[in-house]
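Before we start, here is the structure in question, set down as structure tokens.
A, B, C and D are the chain letters, set down in written order, and residue numbers restart from 1 in every chain.
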Amino acid sequence: MKNIRLISVILFGMFIVMLLISAETISYIQPDNVTGAVKDTGAINVIAAYYLGYRLFDTLFEILVFTVAVQGVVHLLGHMPTLEQHKPMREKAIIIYTDLIFGASLITGMYIAVAGHISAGGGFVGGIVGATGAVLVFLTMPMEDIEKEFNHTYMAIWEMCILATIFALVLLPIFIGMYPMKNFLPLGTPGHIVSGGIIPIVDTLIGIKVLIGAVTIAQTFIKHRGVF
Amino acid sequence: MIYIAIAVVIFAIGGIGIIWKDNILLKLLSLGIMNAGVVVLFVSIAGLKHRIPAILNTNGPYADPLPQAVIITSIVIGFATMSLALVFTMLISLKKGTLSSKKLQEDIDREH
Amino acid sequence: MEIVLGIMGIVFAIGVVLSHNPMRAIIFMGAFSITMATYYYAMGAPDVAMAEATLGAVFTTFIYIVAMKHRGSIKVAYIRKEPFFYRTREGFAGSEYHLLKRFADKNAMHLEITRIAETPSHKDLQTDRSFQFDIICGGLKDNLSLPGYTPLPYHLRGFAIYVKTDSEDIYESLEDFLIGDSDEEY
Amino acid sequence: MSIDIHVYPSLLTLVPMLFAPLFLLFRTKVIHKILATLTVLLDLLIIYKLMLAMPIDEYTGGWILRGIHLRFDNLSLIYTLLFVTVIGTSWISSFKKNYPPLFYFLTSILLSTLNTSAITLDLFNIYVMLELSSIIAYILIAMKENWKHLWASLKYLMISYFAFTMYLTAVGLIYMHTGTLDITRISGEISPIIASMLIVPLLLKSGVFPVSMWLPAAHSLAPTEVSAILSGSFVKMGSIVIFRLTSTPILKHAYIPITFIALLSALIGVILAYNESNVKRILAFSTISQMGFVLAGGPIYGSLHAFNHGIFKSLLFFTVGDQVEETGHYDIKALKHAKFPMYRYIFLLIGILGIAGVPLFSGFISKSIIIHHMPLYGKIALILASIGTVASMAKLASIGYRKSILKIPSHYLIFATITVFVGIKYINYALSSWALIESFIVIAIGLAIFLMLHPKHIPRILEKLDIMVIEYMLTLISMWAILYIQR
């Protein structure tokens, strides 16, 4: 077995060397991907203009990848025995601080999500930032409380509702005679928070959806593995 | 061009890790490194000529926004695959008590 | 600046691949992700940097650590015998201890170690229903008769580690580990 | 009142996608049935409307050149019809069993993903499709949570993630070289190493021999419906992308190494299938062989065979899988004691006659057209592979039947009808005295081999993870070598 691995490593090494040689010969001319993007989508962050405008199609699948992974993790770990008792930290000070951090991270996350079209960030990052605060709260809560407050079934319902809303929003333009995935709302003045048509709306929806999804994953892992 | 080389080297380290490691968890970490190598490649391509992020309240010339926009998708895909793979690993180690890929393969062989 | 960050990233990546202990590899991985996020920022890709920092560095590391912890424990009983298994002020030591520790690290388990008397009685080894320990060690000869345990000889001739007869999985994987191809992954 | 809606190719993706979350939102069987019916009907309606205006080009969001380029043409028509048929029929069958709502959610997304792969012309979009469909496959395979299933799934995950990361690297380098991700607008010359990095992951996805050893374990361990979906529609996805890529001027020359690999796969697949005793693994190996036929056939004839193969292989997986689930035996000797019920055996025979290329069944048409259009070495290889197919399928037929009450399950009936219908309706395209004689000779020699040659047990050394990696690297390097010499 060791010989086989050695051979594969050698083959892989050869391949990498060839790749390096051929990559070094590529001449690169930067294509103009910036001009006109603001006029088309109304988002001054051109990356967001691509992410949620021109290439929204990819992003829809990206959301689906995340959702599929969340549902897969919940389903597969659902039958696993809860190995060890989750031991929360119940000191008053820690509880207060984690609650404060949770609030702060939610607000930060929401801001990052909503302002995705005028600054760096976006729905995905915002959602994960919010979820990080929620994970801290999990450390201080007994498992029953977590299951009561962040109920799986409710969270799944919300997640699916938001998912369906995003897809419906994307399909809506065909009823008014436009291409699907067209930015059909008024674009507004570029640079303002209310601009960019559907981009901030989709960003916010993605943010909430990813927040719920990430919280679900974290909760499932903690439930079945414990943290400390 | 050194940036492309950095990306390819990180990619190569991840690939060698996948091939060489026996422990499934370490294999998965190597997969993560390999994915990061590709992200570095795309970001390097975007920033090969100019390094100012394409947010139009600054003055250009800007970095290429398209590779940056698409590669975020790849990061998310990497995360999703990793978390699923980790769940598989956890379940396997719960059922078999081992994380060695060689041992698992031998057990599969023995059943036939 | 960017090149320095890139080379730091390469170093951390090598660190991940070279470390034997999964926990250490995960910590290297976190460092690698953070370095890479900084690199992306320096290359003019703040969106990618934020995605990597939150998803790659924080959330993935968290999930790995949670998945790593408490995979399970091996209950070890030892008889104190100086070069094989003993306790110093810093912790446990001895050749058999290091062997077991390496085995446990490799499978991401942790050892629950109990000391027992030199000639373990039936009662020491047994709780109400089943045998209490997965492994008994500490310089035992391979011809002892400990009911419920199977001897597993290792590279020191004449000595053995006793593994609970019910837990075949531990027996097999430990046997593979001891046969000597345990160094393969490194 | 009627709303006149213009139909776009992207609706093929968006409609199943819109229905997918509803499967998890409403968890009752009645609503699942309604949703599944709606999805299939709407999908068929969209395909019909698009067919009338073929070929249609669309840039997502209407942003010309910056949006993602989608195109609906002949190739897309065949493939989308196949995907809808296989997944829709699997839903019919799955309603009789106890599947969790997650199954419908995942398969509905899988349908949307597969449809997209049939219309997309964007390199990065293809990457997302490859990954998403594979992620769904990992979950579907591992659903039973036996450690064998988990390990099969994890093996598949590692090798395919490794491969797709390479694909993405190639996409990045092509973008650097040409400044675009649109397949139709890539110009200039691609270096052989990048071309092989682009194509070998797609070969892995389509299950062609040296890089397909994830397939037998995955396809044989999965539940019946999942095996049918995987073998009938999922592996076809790689082939359509390869057809798209090789029809561009810059990758046209890559077709020759692909044909070599495909012929090799067609031969080795049947050899492994003949020597196997697990019935579901026989079918899985036969998929490897048939995918060789598909890729050797090229875009026009290969896509026909992909459709036909998807239909009769699903029928075979359904009949055999139902039998295995009923009796609990995988081994062919044990199944010979239990025997098939009469009605199931008839449908099994229809599937076997289809795959063996008997006249009046659909396999005959596509197989003989493909063989007819190959150069001489290809003809010899494919005829040998057909002989092997007949021999290995005769093993399945030799299980025999027992008398039972007559039932006609609707999912069997749909597949069987399509197999026979296509076989009779389009027979003129393939009918020549040469083709008829050839098919009878092939069947005769195949049966002779089945009667005379005893299968041997072949150890499963090729399916180890380490070996899988080395197979992958060897394919990559040999692909590079052939492309390099050609240049």
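We take it that contacts are C-beta pairs under 8 Å (C-beta built on N, C-alpha and C of every residue); 3 or more make two chains touch, one makes a residue touch a chain.
These figures come from a predicted structure and were not determined experimentally.
Engineer: Between A-D and A-B, which chain pair is linked by more C-beta pairs in contact?
Structural biologist: Looking at A-D and A-B side by side, A-D shows more C-beta contacts.
Engineer: Distance-wise, how many Å sit between the C-alpha centres of chain A and chain C, to the nearest whole number?
Structural biologist: 33
Engineer: How many Å are there between the centre of chain C and the centre of chain D, using C-alpha atoms for each centre?
Structural biologist: Taking the mean C-alpha position of each chain, the two centres sit 42 Å apart.
Engineer: Mind checking the centre-to-centre distance between chain A and chain B? Centres are C-alpha means, answer in whole Å.
Structural biologist: Their C-alpha centroids are separated by 17 Å.
Engineer: Taking each residue of chain A in turn, which ones touch at least two of the other chains?
Structural biologist: In chain A, residues 1, 5, 8, 12, 19, 23, 28, 30-31, 33, 37, 45, 47-48, 51, 55, 58, 61-62, 65, 68-69, 72, 76, 120, 122, 124, 217, 225 touch at least two other chains, as defined above.
Engineer: Where in chain B do residues touch at least two different other chains?
Structural biologist: Within chain B, residues 4, 11, 15-16, 19-20, 45, 48, 50, 53, 55, 62, 66, 68-70, 72-73, 76-77, 79-81, 83-84, 87-91, 94, 96, 102 contact more than one other chain.
Engineer: Mind pulling the residue numbers of chain C that touch at least two other chains?
Structural biologist: Residues 45-47, 51, 55, 59, 63, 67, 72, 181, 184 of chain C each touch two or more of the other chains.
Engineer: What is the shape of the graph in which nodes denote protein chains and edges denote touching chain pairs (line, ring, star, complete, other)?
Structural biologist: Graph shape here is other: it fits none of the named patterns.
Engineer: Between which chains is there touch?
Structural biologist: A-B, A-C, A-D, B-C, B-D
Engineer: What residues on chain D touch chain B, complex-wise?
Structural biologist: 124, 127-128, 131-132, 135, 138-139, 142, 145, 147-148, 150-151, 153-154, 157-158, 161-162, 165, 168-169, 172-173, 175-176, 181, 459-460, 464-466, 469
Engineer: Quick one: which bits of chain C touch chain B in the complex? Just the residue numbers, please.
Structural biologist: 2-3, 6-7, 9-10, 13-14, 16-17, 19, 22, 25-26, 29, 32-33, 36, 39-40, 42-48, 51-52, 55-56, 59-60, 63-64, 67-68, 71-72, 106-108, 167, 169-170, 172-173, 176, 181, 184-185
Engineer: Could you pull out which chain A residues touch chain D in their complex?
Structural biologist: Against chain D, the touching part of chain A is residues 1, 4-5, 7-8, 11-12, 14-15, 18-19, 22-23, 25-31, 33, 37, 40, 53-58, 60-62, 64-65, 67-69, 71-72, 75-76, 79, 156-157, 159-161, 163-164, 167-168, 170-171, 174-175, 177-183.
Engineer: Would you tell me which residues of chain B are touching chain D in their complex?
Structural biologist: Where chain B meets chain D, its residues are 4, 11, 15, 18-19, 24, 27-28, 31, 34-35, 37-38, 41-42, 45, 48, 66-67, 70, 73-74, 77, 80-81, 84-85, 88-89, 91-92, 95-96, 101, 104-105, 108-109, 111-112.
Engineer: What part of chain A is in contact with chain C in the complex they form?
Structural biologist: 1-2, 45, 47-48, 51, 83-84, 112, 120-122, 124-125, 128-129, 131-132, 135, 214, 217-218, 221-222, 225-228
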